[in-house]
Structure formats: structure tokens, C-alpha cells
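Chain naming follows the written order as A, B, C and D, and within any one chain the residues start at number 1.
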Amino acid sequence: MIVVMEPGTSDSNIQRVIKFLERHNFRVVLNQGDYMTVVHAIGNKRLFNPMSLESLEGVKEVKIIQEPYKLASREAHPKDTIVNFDNGVKVGGYERPVVIAGPCSVEAEYQGLLDVAYAVKEMGCQFLRGGAFKPRTSPYDFQGLEEKALIYLARAKEKTGLLIVSEIIDAADMPMFESYIDLIQIGARNMQNFSLLKAVGKSKKPVLLKRGCSASIREFLLAAEYIMCNGNENVILCERGIKSFDQSYTRNVLDLSAVPIIKKYSHLPIIVDPSHATGRRYLIEPMSKAALVSGAHGVMMEVHHDPDNASSDGEQSLSVEQFTDITKRLNKLIGRIDYDNRMTKQELNIK
Amino acid sequence: MIVVMEPGTSDSNIQRVIKFLERHNFRVVLNQGDYMTVVHAIGNKRLFNPMSLESLEGVKEVKIIQEPYKLASREAHPKDTIVNFDNGVKVGGYERPVVIAGPCSVEAEYQGLLDVAYAVKEMGCQFLRGGAFKPRTSPYDFQGLEEKALIYLARAKEKTGLLIVSEIIDAADMPMFESYIDLIQIGARNMQNFSLLKAVGKSKKPVLLKRGCSASIREFLLAAEYIMCNGNENVILCERGIKSFDQSYTRNVLDLSAVPIIKKYSHLPIIVDPSHATGRRYLIEPMSKAALVSGAHGVMMEVHHDPDNASSDGEQSLSVEQFTDITKRLNKLIGRIDYDNRMTKQELNIK
Amino acid sequence: MIVVMEPGTSDSNIQRVIKFLERHNFRVVLNQGDYMTVVHAIGNKRLFNPMSLESLEGVKEVKIIQEPYKLASREAHPKDTIVNFDNGVKVGGYERPVVIAGPCSVEAEYQGLLDVAYAVKEMGCQFLRGGAFKPRTSPYDFQGLEEKALIYLARAKEKTGLLIVSEIIDAADMPMFESYIDLIQIGARNMQNFSLLKAVGKSKKPVLLKRGCSASIREFLLAAEYIMCNGNENVILCERGIKSFDQSYTRNVLDLSAVPIIKKYSHLPIIVDPSHATGRRYLIEPMSKAALVSGAHGVMMEVHHDPDNASSDGEQSLSVEQFTDITKRLNKLIGRIDYDNRMTKQELNIK
Amino acid sequence: MIVVMEPGTSDSNIQRVIKFLERHNFRVVLNQGDYMTVVHAIGNKRLFNPMSLESLEGVKEVKIIQEPYKLASREAHPKDTIVNFDNGVKVGGYERPVVIAGPCSVEAEYQGLLDVAYAVKEMGCQFLRGGAFKPRTSPYDFQGLEEKALIYLARAKEKTGLLIVSEIIDAADMPMFESYIDLIQIGARNMQNFSLLKAVGKSKKPVLLKRGCSASIREFLLAAEYIMCNGNENVILCERGIKSFDQSYTRNVLDLSAVPIIKKYSHLPIIVDPSHATGRRYLIEPMSKAALVSGAHGVMMEVHHDPDNASSDGEQSLSVEQFTDITKRLNKLIGRIDYDNRMTKQELNIK
């Protein structure tokens, strides 16, 4: 950690900073230039919140040197994490990228879900997704079928063998999710719901952690760290778009460079959700392809059996025909990617 | 709601949109220009999520006309909401702006909290704040004293008569908060934690809802709507800075125009937290003054009894002396504001 | 154009808006809901700045329906624009994607430029880039070799047959650029330098227009419109990253979905510059691949003959070896893309 | 400057960085922690672009310690700059804040401009503004009356004694501006038009430099540096809103904390333009008041003689009555501000 002092600040302010850092068990090196003094704190800053220094008198700025996450970091764990599922599916490293697909919300008509599930299975995808508890911006929007939806998903799993993904929004629902669901999703709006992060951290179930739409990559990895330091290292990350000043053509901006960045600084798998990132159907195919060639370990898509007559969000999904059509081309692309070379050590260290 | 169709889209796509809207009980008016067709949907769109339309074939964009919040809106409730507290303190409307002050976290040493509380009381402020459960970006940072902190705060209230503010991060803690706390805070990171919003919505206790650092004003008011439509209309809003591309001199950008905007479109009180918005001590005074003249119903500040030796975030706070000094000038400014004219009907309707 | 009136605004305010629109030759349709009135203006809004309406009394918001650019729009010009160069190179449509490469700045040592040029040529690339006039954030940074650099580039063209790209920053330099340069670049910081846009608009030379780092896609296409409506339709667009709240791992966020969006709404070619977008060498390869599969008409990269001993920015470039290595893999990927299907009509109209 | 090396990078990469820095005349201090190595470069980094280091092999991040602007910095010039005008008006330091007002564009009807000018004069304001050359996002919008507008403004100056402000968009127009205009404005879109910055830097006329809508405060002060290092130190800065993700209620977000930040780090005067920042009439009064109490040296407002019948942007302006009404209240507020204490040394050094 680097503490930059204000130009011309007093010696007593500098001494206060040094004392403070030493009290927190840092080794301190002082570098004085002509105008400015910089205090270099060496040690395990992960156990210390640097922000607390920023308002000490005479401090101009605190600069983080070592990444504040540890378990999630590549340096602490150089080998790629592979998340393993019961049926042999593996996510991460140089494993074949996976496809997660299904309706935004599970709806009352079970047959529709099953139709989608069979199509997803037929295209060789590995996971069926479906919302049971919906975190909706407006309280007047459909809030989900709750446990009934989880039961439907579990039944679809029995029929198809697909692994099941669904979003949890309340720690109290953990027992339900543990019995029905294979991959528990933490949604973007709950990325910093620390109670929820701790709750899934105490489970053994794999967690799909979506990036908050204004979370920096560092905050994203710190959210993963919350889960991991509570004991659950089976975390799959998901980039799903960040807020920007331009909302005329898409809801968010898909930050695709997050994929190779996260692969460089973390060992965790990272997938991409182009449906939520862009909110536009015609962008799903090109952005899925782009995600896969940039090294993503999978993509996630919304598919609905009857988009025009859905009772909720279903319409923003692909129809089964569109999904089948796109997935054919994605499978062709996946087949062509040379996994051993997709992100070689050489690439990772190119800089 | 306005549905803009893609230029040259087919009639069947237009008919599908119309059918869809009629099925959701909208009255539909079709406006056709030379290039483009626009479908105007008239009716209560609050019970309908417009995003779901955006992926229907041939739809280019959906534009919201009526604000999606209702209970929080000025049109549904033209008179200012005044939140009343037991001891006669009132927040909102043309009431005297309030000051909320206290340490970031309540710490082990009770006397320190009490020293701050007496100073806050002496300056004529109305509320003592203090963190008990801390939502920290890093799992390795101090997570708060939990119930012990709430007990300390309640004891400080007994001594000083100050009202108590503290942040809740888990719905399961509601009983504890209801017994100790006067104003329950929902932090910025939990602004869209809908389980938590529903929980405080079922309480009678006033709620201090902080704006998420990437929440639009519309999303902010929809979060208030969640609380209100669950039965609790005692909501005080708090602007505390939004994320921007410039993080060299401040953590966030204080969006001060949110104050008059929210006063125009909502009847709820709105206060400002310049400490968290800027993260820099020297900005607290000018930004507090700016908040007050722009019409804020109060300001919130961090004060610590011994910033240099705090065990956690305390250092980013004002010292008691600095707080006293600034508050003297703020009180002078508050005394000068002509409340009846601060934001007159004329101003609200100037446009 | 849709003019949303404030809820409960007076009839005279509505009449003023109608009168105003009629004076500007719009046909007006009035839609009145229970709460709100919406004025729908039908006609050629491209000759009219909607912002001017936003402050009329009683107006809440003005929403654009028809895109404000015309010559740049797909609807006015459904067929892809192909920009043709003297030596037969074509950019746009379903032509083979191009690669532009070369040093950030042309430096004093001509042989270094020539070494890079030969490597660029050998890899089958089409364009050599090099800065002559540098727009630098700090006045103390190297400002470029000016005309001498253009002469060097022209000499490298003679030797290699590569087309030459360089950035113009002052309209007064147009004669120089017209004699030496094949593709005149407008940099991101000058995207809204309207004097410069008009100057290149009056030339016949193809223009490479980079997106401003905070320009919306609409503003980007309006900048292209400036050039086109002055007579020059040979415009190639370039996405090069936008500003975001996260600047820890990259300078900007590469907005890759801009590629398929622009291909949907405009007929102009669009390329991608991953070097400037990310500012990190290890991201160039994955982001170039992602750009190509998402449909970009080309990529642009910085290459330097001796990055470690460059007199200016050269260090942020790839070395010749790294460039050769990456370009081999890109060429392989380019060879695999099925151009006729890269962005089919079907995909464009999927929604 | 701090160069953070990648964890575990090789010694040769570290040596390359050291050699590089020494070649650029930095004194180098090496700090090695358990995981990471940090190279501290001490010396005059203002003559060196740190970005060039960011792509050296093994470099993770470069962190700026000393602000890259020098002439604009408070440390190089501790006393406030006061910009003096011929008629005795002074802008900056503890001088009475000024008001700049006038129409967005000067229009064909001279009498309208004169009516506004007399109202501006009568309210005790110091400057008349009016656009002559308009930088418009769309090429189809009104581009200004050009020299005729400057002549009108000069005539209004003769009648009223007001100082004249107008925006320049092309360096070639400097002679015209030098003969007619007292304060030459560089607009937000041209803040990094370095040719233009150099041109006004060679003049003796005061310059009003507006912040680019995505410029960091550092980039803003570097743009001022461009003007100053070319010889013109009479620079007045103007905050006018930055881009954000929320554009539903305002065009931009007014970054008001930029006022005290710039007063801390620079000696240059800083004013605020709430009209362009917010784009909404009802926000001008509260944001002007907020600007003044936060320490701004002035505010700038748009006023039009007949907003409802303006040929261009005039409608977004205040009417003369509204302007008079607001300015009365602003003058009362200005009268109350205790200038000697507005931003005392104590406040500047509070941290």
C-alpha cells in the first residue's frame, strides 16, 4: 500500500501515518521527493481497509498495491479451478465451454419448461436455468413461482439429466436451494449482499456469482472472496454487463475484456450472459461468439417456449427455434477453438 | 408507454405488439410516420414491466412515459411527507433540516461513543448514527460489534435523548432493530436487496434508504416504492454519491441535483451524506452547505472521538472539534434559509 | 418525436408545445392518458434539435423516435458501404477483415519504421499506421515529428505498398494529409471537433473516425453524418473503448456490442482498436479475436520495432515478434469466418 | 511515480523498468514485499508520460504520485489567481462571485439580445454571453450567425458596459475573437482540442475553459496547463456537468464537489454552469445557490428574450422575468456569503 501525502504536509502528519501503519503491523518505508512524501507500507494489507487511511490529516491518496482478494487470486492458487458436477460436467480451465439456457422465470405451465429443457438437452447444453424468486426493480412486477418453480426445475432435471441453475435472493431459502438446485445463482443486484454471500459460502453447492452492474472487477473478486473464505471454493463468475452513459441501444455494456482479465488475476471460471448484458435478441449470437473466443468458460442464454405469450419476461428470450439455430453455430465455433491454446501460459504472460 | 417499431418492420410484427398490449389491458393508439411506426400504450403501466416488450420482433425501443413508481410519486401524493419521531423531531417538507452524526462503526469503548453523542447533542443535532452490522467490501475488514453496538447506541440515547440510526443488513435482525433503533438504515449496497426492503416495509419504524451508487433516480424511487407498498410510508431518502469515471480525488460523485429532482417528483424527504459520497474530510463542509441550500432536509456526517486511534473506519470521520466547528457554520446557514421559500411551489413549477 | 408533458400541466402549456411544433412543420397527434399528456410530433425531425423543447414550460421529457442521423443510417442506405482504396483493398460489407498496424508515433529513426512496415506487409496486413501529430493529454509529452513523419510514412508506402493511416488534429494540415495519407484518422478526442469534421468532409480521402471515449453510439454516428453531409461518404468507424468507473485493469472498456449495433443501424464499416481501448498488451489478442467474430471489418494494433527503447509511447506497443505471433492466429481465425454468414440478413432481423 | 510489478515477475523485467526510468532521469527506489515488487521513481515526472511504462513486460500498473500539471497547480502557485478585466471586474480568490448570462445563440434580431443585455446589466451581473459559432451534435442544427453575432455582442457591450463571452471553435477565428470578445470560451467538446488550446494560449485574452463531459479533474487541469504553458495564465475554469448512467431527469450530472477540489489543488478561478449541466430550467436556481456556497467564483446562465419563439436553442433558457427573479435571490445569497471565510486556509488544510 502506498500512502501519498499532500505536498508540503507537516512532519507530525507524516509521523501519525507511520505510527498508524506500524500499529497495524506494516513495515514502513519512507520515500521523500522534492515536493512530496510517499509512505510505502509493506505487509499483509488484506487484513486492513486502506480507505480508513484516506482521511488522516495530510494524506492525499491511498493506493492499493497488492490485490485485496487472496483466495480468489491467481497468485495464491496458480492452477485453474475446475468446478465439478455430479454428472461429470466440469466448468473452468481448458474444459469445453458450457451453455446454460432456459426461461427467465419458470411459469405456471410446466409443459413449456419441459419443451425448453428438451431443446436445451438436444443441443448438447449442460445446464437448465429458470427463475423461481425474481429480484424485480419494480414491486409490481411478477415475483416468481417460488418453491413451485424449484420443484418444476427438479422434475425437468429428472427427465433430461440437465443440471439446474436458479437464483437465490434470501439466505433463509438455502435449504430449499440445496435440495433442488445444482448451481446456486447470486444475481447482480445481490453481489454485495454480504449476508447472502456468507450463506452460500457455508454450503457445498457450486455458486454462480454475477457481477454487479456497477461493480469493478476488484469488487467482483472480493465478492467471490466472501464466499470462498466461508468455505465454498466452487465459485463460477459471470460477466453480465455494466452500467454506462449509453443506454439507447442496449441496457448495459458487456465488458468482455473482463474475461481475459479475470483469467489472468484469478483461477476461477468465468462465463458470460449476453442476454442480460444487452437486453436485445439480435446481439446474443455475436456476443456469445465473442465471449467464447475471448476465453469464456461458458455462456448463458434465455430461451422461452412461447415468447409472444409469456406471462412475464419471457418475451425477451429467444424462441426455441432461434436458440437451436444459434446454438448450432456456437457449437461449431466451440468445436473449432483450440482449447490447449485458447489462453496459453504464453498469452497470460505476454506482458 | 411508447413502443417504437423498427423502420420498415412488417405489419404482423406491429399486430403482435398491439395484441400483446391489449392482452395487458392497455388502450392502444397507433401513430405512423413516413419511416416509422410508434405504438402508444395508454393505461396503468405500473403493473407491467416494459422491458418484456423490448425483445418482441420488430420492436426497436420501449420508452416509459409515466413514472413506474406510484406511492412514492408527487402526483399520487402532492403534499410533502413529514416523518415524525416520538420526541417531536420532524423530517421533511419545510421543517428545519436535521443533522445526523456519529461514528462509522460503534467500537468496543463505550465512553468514546458517549463523548461523540454529547457533542452531537450539544450542537443541536437530532440523530446519533453508528454502525453495528457493517457491509464491508472485503471479508477481512471489521464487520461490526452487532447487537452489542445496538445496546451501546440505545444507552447513548437514554443519556442524550438523541434519536438512533443504524444500518440493517439481514432481514432476520429486524426484531433487534425494532427494539433499539429509531431510524433503520438500508445501505447503498442493499438498495436493491428486495427481501430486506420487504422486511422493513412490514415494520412501522422509519427507514433511511440510501441510494445505490449506480442506481438511477428512478430505481431509487422504485426501491422506496418496495418499502411503501409493503405498508411503511415513513421513508427518508439519502443521496450519497454515484459512481463515475473520475476516482482520483473522491470515491464517488455527489449528485446534488438529485435533491431538487426528487423534491419535484416525490413527496418523500431527502437528505445528503457528503462523508460517504466524497470520502474526503475537506469536502464535508462545502458539500453540506451546498446540500442545504439546494433544499435537502438534512445532512449526515461521520464523527469519531479519536480518529487517529480508531480500530476501524473511524479515521475517515471528523474529529469532535472539526465537527463542532463545521456544525456551528452549518447551523448559522440553516438559520438563514428562508424555509417557506426554500423550494416554493413556484420553483417546483418553474418549468 | 414524443413530447411528454408534466402530469397535470395546464392546457396553455400543451397548446404552446403544439404551436411550437407546428411552426417547425411537424404534424401533431395528441395522446391523453389519465395522468399524462403526450404530444407526438410526426415529420422530419432531423432538421430540428429536440433538446430545444425540453425547457418549454410543462414539458417533462422529449424522446427521440427517429434516429437523428440520416446519411449514416441503414434505412436511408440499406446496402453496406464498401470503402475502396487505389490498390484494390476494400473495407466493409462481407470483404475480408483488414489489419492496420504500426507504431503509435513515427520516430526519428526511419529504419525502425521500415522494419515494422515490412513485418506488417509480410503478415498480409493492408495498412501501416503511425502518428505524426499527437494529441497528448499533457503538453509536456512528445507531440510528434509532424510533416517529417508523414514523409517517412509515404516512403514506407513506396517500399511496401501498404496503405498509410495517420491522425490529423488541425484542419489547416489537410493539404499535407491529402498528399501523403490514404486514410485520414480523426482521433477520439476530436470526434466532436466539428471544424475538423467539416474539413475532412470536403476531401475525397477516406476517413477513419474514432469513437470519442464518452460518445454514445448516436453521437458517434452523428459525427460521421457531419463528414458525410459535407460530401465525403468514405467513412470507416472505429470503436476504441469508452470511459467507465473501472480503471484498475484497463484504461477504458471496449464496447464490443457497438460492432453489431452499428452494423444494424448503419451501412458504414466498423473496425476495432483493442490497443487503445485496453492499454494492456495481453488483452490485444483475445479482444482482436472477439472483435472479428462479432463482425468487425478490421482491427488496429500498435507495433514498435524496439518497445524497450522507444522515445515515446512505443512501449505500449507489441514487439514485432509478438505482433507476428498474434497475427498468425488472427489470420487463421479470419480464414475460418464464413463471411457470407457472418452477419446475415436473418441475423440482422432476428428481432 | 510508482511502478507496481506483476507478482512473481522476473528480475530481468524489474531491471528493464529500472533502466528505463534511469534513462528518463528518475531516481529509483526499489521496495520488495513478500509477493510483489514496487519500483518508486522519484523526480520530475511532468516531463514524462507514465502510460508508456504500462506495457513494459512484467509491469502491472503505474500509479501517478505527483499531479501531472504544474503551472495550474496550487503547489507551484499557492496564491489564488485573480483574472482582471479592463473595466475593473475581477474573477477568482475572495472576489465577489460573478454572474454570466445571455442567450445560447445570438439570433438575427438584435433588439432581443439588447433586451437581455439590459436585464443582465440591471441585475448587477458582469458578463453577457452569446453563441456565435455553435458546436452542434447534429450537422442539421443551427450553426450560429458567426461574425455577425460577434458584432452584435460588441454593440451590446457598447450600450451596457458588460463584458462579452463567446465560444471559439476554430483557431483560425482568433483575430476576430481578439477584437470583439473579452473572455474567450473553449467549449466542453473542445476541451482536448489541443490545436485550439495552443491558439488561445498564445493570446493575452482571458479564457473560459469548460470541462469536457467525460474529463477527469486531472485532464481538466491538464487542458488548462496547455493554455498556460503557451503563455496565457488568465484561465477561468467552468464545471458544466459530466456524463453518467442516469439521463432520465437531467442531461448530465453536475459535479459540484469539483469546485472545492479544484480550489484545493489549483489557484485558478472556477465557475459553474447549471444550465448546460442539468438541461432543466427548474434546477438552475437550486444548483446556482449550491455552487455559490460551495465556493464557486461565479455562475453562468442562459437567458432569452422570448423563449417560446426562439429560432434555435433559446427555449432552454430562462425568460427575462425568470432570470430577474432568480438573480434577485442569488444576489441576496451572494451578499450573505462571508468571503473571507468562504474557503479559509483552515478549510483547505482541514485534512
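The criterion applied here is as follows: a residue touches a chain if its C-beta (ideal position, glycine included) is under 8 Å from a C-beta of that chain, and two chains touch if they have at least 3 such contacts.
All values reported here derive from a predicted model rather than from experimental measurement.
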Higher number of C-beta pairs in contact (A-D or A-C) found for A-C
Listed pair (A-D, C-D or A-B) duplicating the B-C contact set, over half by residue number: A-D
Could you grab the centroid distance between chain A and chain B? Build each centroid from C-alpha atoms only and quote it in angstrom. 27
Distance from chain C to chain A - Cα centre to Cα centre, in angstrom: 30
Centroid spacing, where centroids are CA-atom means, of chain A and chain D in whole angstrom: 39
Residues of chain C engaged with two or more neighbouring chains: 55-56, 214, 243-245, 248, 280-281, 351
Under the touch definition given earlier, write down the residues of chain C that touch chain D in their complex. 16, 20, 46-49, 51-56, 61, 68-69, 135-142, 169-172, 189-190, 192-195, 212-214, 219, 222, 225-226, 229-230, 243, 248, 251, 279-281, 307-308, 310, 312-317
Within their complex, chain B touches chain D through residues 214, 216-218, 242-246, 248-250, 253-257, 259-261, 264-265, 277-278, 280-283, 285-287, 289-295, 322, 333, 336, 343, 347-351
Contacting residues of chain C [partner chain B, same complex]: 2, 4, 6-8, 29, 31, 33, 35-36, 38, 40, 42-43, 55-59, 63, 65-66, 75, 214, 243-245, 247, 351
